[in-house]
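First the structure, in the form of structure tokens, and then the observations on it.
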Amino acid sequence: MAAFIGRRFISMLITLVLVSVVGFIVINLPPGSYLDVYRAQLMVLGTSTAEQQIKALEKRYALDKPLYYQYLKWITGFVRGDFGRSFQYNREVSELVWNRLGFTVVVSVCSLVFSWIVALPIGIYSATHKYSAADNIFTFLSFIGLSIPSFLIALVLMVISSRYFGMSVGGLFSRAYENAPWSWAKLVDFLQHLWIPVVVVGLADTAGLMRVMRGNLSDILSMQYVQTARAKGLPERVVIYKHAVRNALHPLIMNLGMSLPGIISGSTVVSIVLSLPTCGPLYFNALRSQDMFLAGTFLVFMAIMLVIGNFLADIALAMVDPRIRYE
Amino acid sequence: MAVQERELPANEVLLEVKDLRTQFFTEQGVVKAVDGVSFTIKKGKVLGIVGESGCGKSITALSIMRLLPEPRGKIVSGTITFYPPEGGSVDITRLDRHSAEMRRIRGRHIAMIFQEPMTSLNPVHTIGDQIIEAIQLHQDVDKETARKRAIEVLNQVDIPHPERRINEYPHQMSGGQRQRAMIAMALSCYPSILIADEPTTALDVTIQAKILRNMRDLQRQYGMAIMLITHDLGVIGQMADEVLVMYVGRKVEQADVRELFLNPLHPYTQGLFRSIPLIGLKGKKLVPIAGSVPSPYNLPPGCYFAPRCPRAMDICRQEAPAEYEVEPGHFVSCWLYK
Amino acid sequence: MADTAVNLEASPAVPIDQERSTLTQTELIWRRFLRNRLAVIGGIILIVFYITMVCFPGFFSPHNHLIQREDYISVPPQLPRWFDEEGKFHWRPFVYGFTTELDMERFEWVHFVDTSQKYPIYFIARGEEYKLFGFIPCNIHLLGVEPPGTLFLFGTDELGRCLFSRILHGGQISLTVGLVGVILTIILGSIMGTISGYYGGLIDNLIQRLVELLMSFPDIPLWAALSAALPPEWSPAKRFFAISAILSLRNWTGLARQVRAKILAFREEDYTLAAQAMGASDRRIILVHLLPNAASHIIVVATLSIPGMILAETALSFLGLGIQPPVVSWGVLLQHAQEVAVVMDRPWLLLPGLFVVLAVLSFNFLGDGIRDAVDPYSN
């Protein structure tokens, strides 16, 4: 097991390095240097120190050096928590990202948990009651859930709640608590706001998960070893939960690597409609205004979240599935 | 604890199947998978059921176990009477398949092993857990005793180092070992009947012979009955006391194993012997049976074998034959022996 | 040989089915497909969508989708009616006109339905000019009303453009992005998957690493970053293809993995070994023996990945990072519906979303139906 984790960890590190290379490429993709943008800004301000500042920045990012050197400079800074400067906000990127990353993680993890809690029981029910009326309804609903863009759900939900309930949903806090320090009341307020993005983001994943669970479990229920378990004389409940559901979970845990990107993607778009203080709004803004250090940092962090998520999923999988452990 | 060999009265009936009809209701129509089959399983005897794939032999076994695929497979009529060792009798067809009574019969009194050793053990539980689960389900013992019993029974099926291998997962074992483990699981609760559905078909010939010998030994040791399903007449010859030949859901011939091998009466049985290489029949040409098994949705009237039968008469194509006892204990369903 | 319970689950004791074995494989698949009602409905909806939106959006839309009308800003939908205000039935449906007033308080044009203006709807009528297939000037529309009447079936946007016509034209882009993207995905995915599965070793390792790397990025943010880097001076057509390419750039990974798995399995099959033994070239083995066998699988995966592409384009354009105005796509149209206040006021602006859902739902049903028909035991 330790060897397995070790091997998996090294492969994760390699992926992370490659991810950072892609992140760096993305930062450098827009035509023209990002300094040009900043230079233009400074020129408009007309400060006398403009030239000096530019020089300092050129030095900081080693812009006169070849690309690989720039990359090394950037990545060593990145590891130490220096992500570069946001020209749009004129602040260090590190001051902007941490809070937002935290909320992104919270929303994503909660959405994931929500989708598992809702999808698994329904998937199990559907697989054990195949082609029943309820199964057909769930199947149909899951198709609809898969087909509605999550930002549209968010939009419709907001319209409904403000038209029929006179509430404005959106954000993660009421105005009163937005800048208040953390307190019990603020936490309650936070949780009251949290469920809407969690449900909206989790819905598409729930639908997908439901179908995967139904498919897996019905495959496994037709396996010979389930028949063996029945032939032993086990009650059907034990047959299903001990001998089938556990086996059907494995592909799902493997699937975690598949559902995480969807959830993170979904949360970025939904967060714009719901104006959440997560990565999404800032990230897309940065892209639109070509504030590339900010955008690149977010992209790399989202990828890091994913890679770590996959790593954890693999370990979880190895814990429940002996076939992987002993490979 | 070793199992003592007991001398048994020869004809003690454990299971009596009478006019069993099992049908499948599919979109394309009704399939008569088992169509009026009767036989008995006697204590300490091996009953072989032989026939081509799709002839209903596995469905007969699943009907007895009440493990037919729901909701399509149904026992339509007939009785399956089981005589438990503690006395009395119970008609299995009348039990609810999920009831506690049926579950007590399943695994405890009638155990079953399947054809595919690679897939018949759950890959996420250890061999030991799966055997212990069966023991603790049917016997009121603690985990330690169950574990000891599991090791003992693994030892009996010739698995080396059972105390170590008990902690292994199925994928760490070879196909032969998995099948041995399956047999161990089936034997762990001292069943009175073991249903073995093509137990060695998927294995290498050498391993096949070893496992069959082992099964035969254990059968004597445990004094249990075996219902052995196979398409391999060689296996039948090695194992069975009595043989039942099935064709498209019907019994065509039944006899003592020696009688059947020396004097096969039904043209289908004769065809089977001609199409299979048997030791001792060297020099004989192999002749396949002409034609193919009829579609279960489109069965011919009369005898189902008539379209392929070299000796078919007019009546064969019009009316199904009754069963005739040609010799004592040798039954055949064929107009030739009227 | 095999008549265990497992096989019986799948096919109940059917050794040979003479009636059905006379049908060809294609006929069997087609038959199974037709039995799945939702898939057939999905297929029909898509055929209608592709004819009306991709082939002849100009003909099917009552107005030119680009013309801005100061007098008709944010007009609500004009519904066809058969009964007038006196309850009299008209065989020919008609729409009411508007009177427009300036709301001095909010400083906005407000439109009132004017029941005194009745405009009958004509079939195959002359109207505003458009270009058939993008270059043949034409002015015949499926539906039309006599000027000065208007036929805004879904209302107008804040520049007075006919939303229904815009949805049809938006569909042209949104529905083709998916197709072009899928074609690129199939090409990339099958080539990479085949190479990876057939040659194995170092190449396989490299490709698998690349797949893993691309899969380490959440899709929409990665797509957004790449399309944000597209030069703004590119023509709409160039941009359209670039976005399709960007979408397939991450999407091929899934297909490549599946193709690789299939190829790995087929490579061990006897017919491949036989072909190798006979000295067939790698190219021949791949093209003749391996890919055709994986074809049905590729088609199914591809169909099921179209919805994802359509949703992605919609999300990107919604965020202003995909298709750029004046070209319209459903996502571009939904940009107008970003704010709740706007949507509350003019709920018809959400209608493009309905079309996205319909198209995606239909593709999902269709893909599911094809999969079940091709491989009935997959689910």
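We call the chains A, B and C, going by the order they appear; numbering starts again at 1 in every chain.
The rule is simple: a residue touches a chain if its C-beta (ideal position, glycine included) is under 8 Å from a C-beta of that chain, and two chains touch if they have at least 3 such contacts.
Please read these numbers as outputs of a predicted model, since none were measured by experiment.
Participant: Which two chains does the highest number of contacting C-beta pairs join?
Facilitator: Highest contact count belongs to chains A-C.
Participant: Of all chains present, which has the mean Cα position farthest from that of subunit A?
Facilitator: B
Participant: Using mean CA coordinates as chain centres, what's the gap between subunit B and subunit C in Å?
Facilitator: So the centroids are 55 Å from each other.
Participant: Please tell me the distance, in whole Å, between the geometric centres of subunit A and subunit B computed from their C-alpha atoms.
Facilitator: 54
Participant: In angstrom, rounded to a whole number, how far apart do the mean CA points of subunit A and subunit C lie?
Facilitator: The computed centroid separation for subunit A versus subunit C comes out at 26 Å.
Participant: Hey, what residues on subunit B touch two or more of the other chains?
Facilitator: Those would be 67, 114, 116, 119.
Participant: Among the residues of subunit A, which are close enough to touch at least two other chains?
Facilitator: Where subunit A meets two or more other chains at a single residue, that happens at 223-224, 227.
Participant: Which parts of subunit C, given as residue numbers and ranges, touch two or more other chains?
Facilitator: Where subunit C meets two or more other chains at a single residue, that happens at 4-6, 9.
Participant: What part of subunit A is in contact with subunit B in the complex they form?
Facilitator: The contact residues of subunit A facing subunit B are 223-225, 227-236, 242-243, 246-247, 250, 320-323, 326.
Participant: If we count contacts the way the header does, which residues on subunit B are in touch with subunit A in the complex?
Facilitator: 65, 67, 98, 103-108, 111-112, 114, 116, 119-126, 133-134, 137-138, 169, 171-172, 182, 185
Participant: List the residues on subunit A that touch subunit C in their complex, please.
Facilitator: Of all residues in subunit A, those touching subunit C are 14-15, 18-19, 22, 26, 29-31, 140, 143-144, 146-149, 151-152, 155-156, 158-159, 162-163, 168, 170, 215, 218, 222-224, 227, 257, 260-262, 264-266, 268-269, 272-273, 283-284, 287-288, 290, 295-296, 298-299, 302-303, 306-307, 310.
Participant: Which subunit C residues qualify as touching subunit A in the complex?
Facilitator: Per the stated touch rule, the residues are 4-6, 9-10, 38, 209, 212-213, 215-222, 224-226, 228-229, 231, 307, 311, 314-315, 318-321, 334, 337-338, 340, 343-344, 347, 350, 353, 356-357, 360-361, 364-365, 368, 379.
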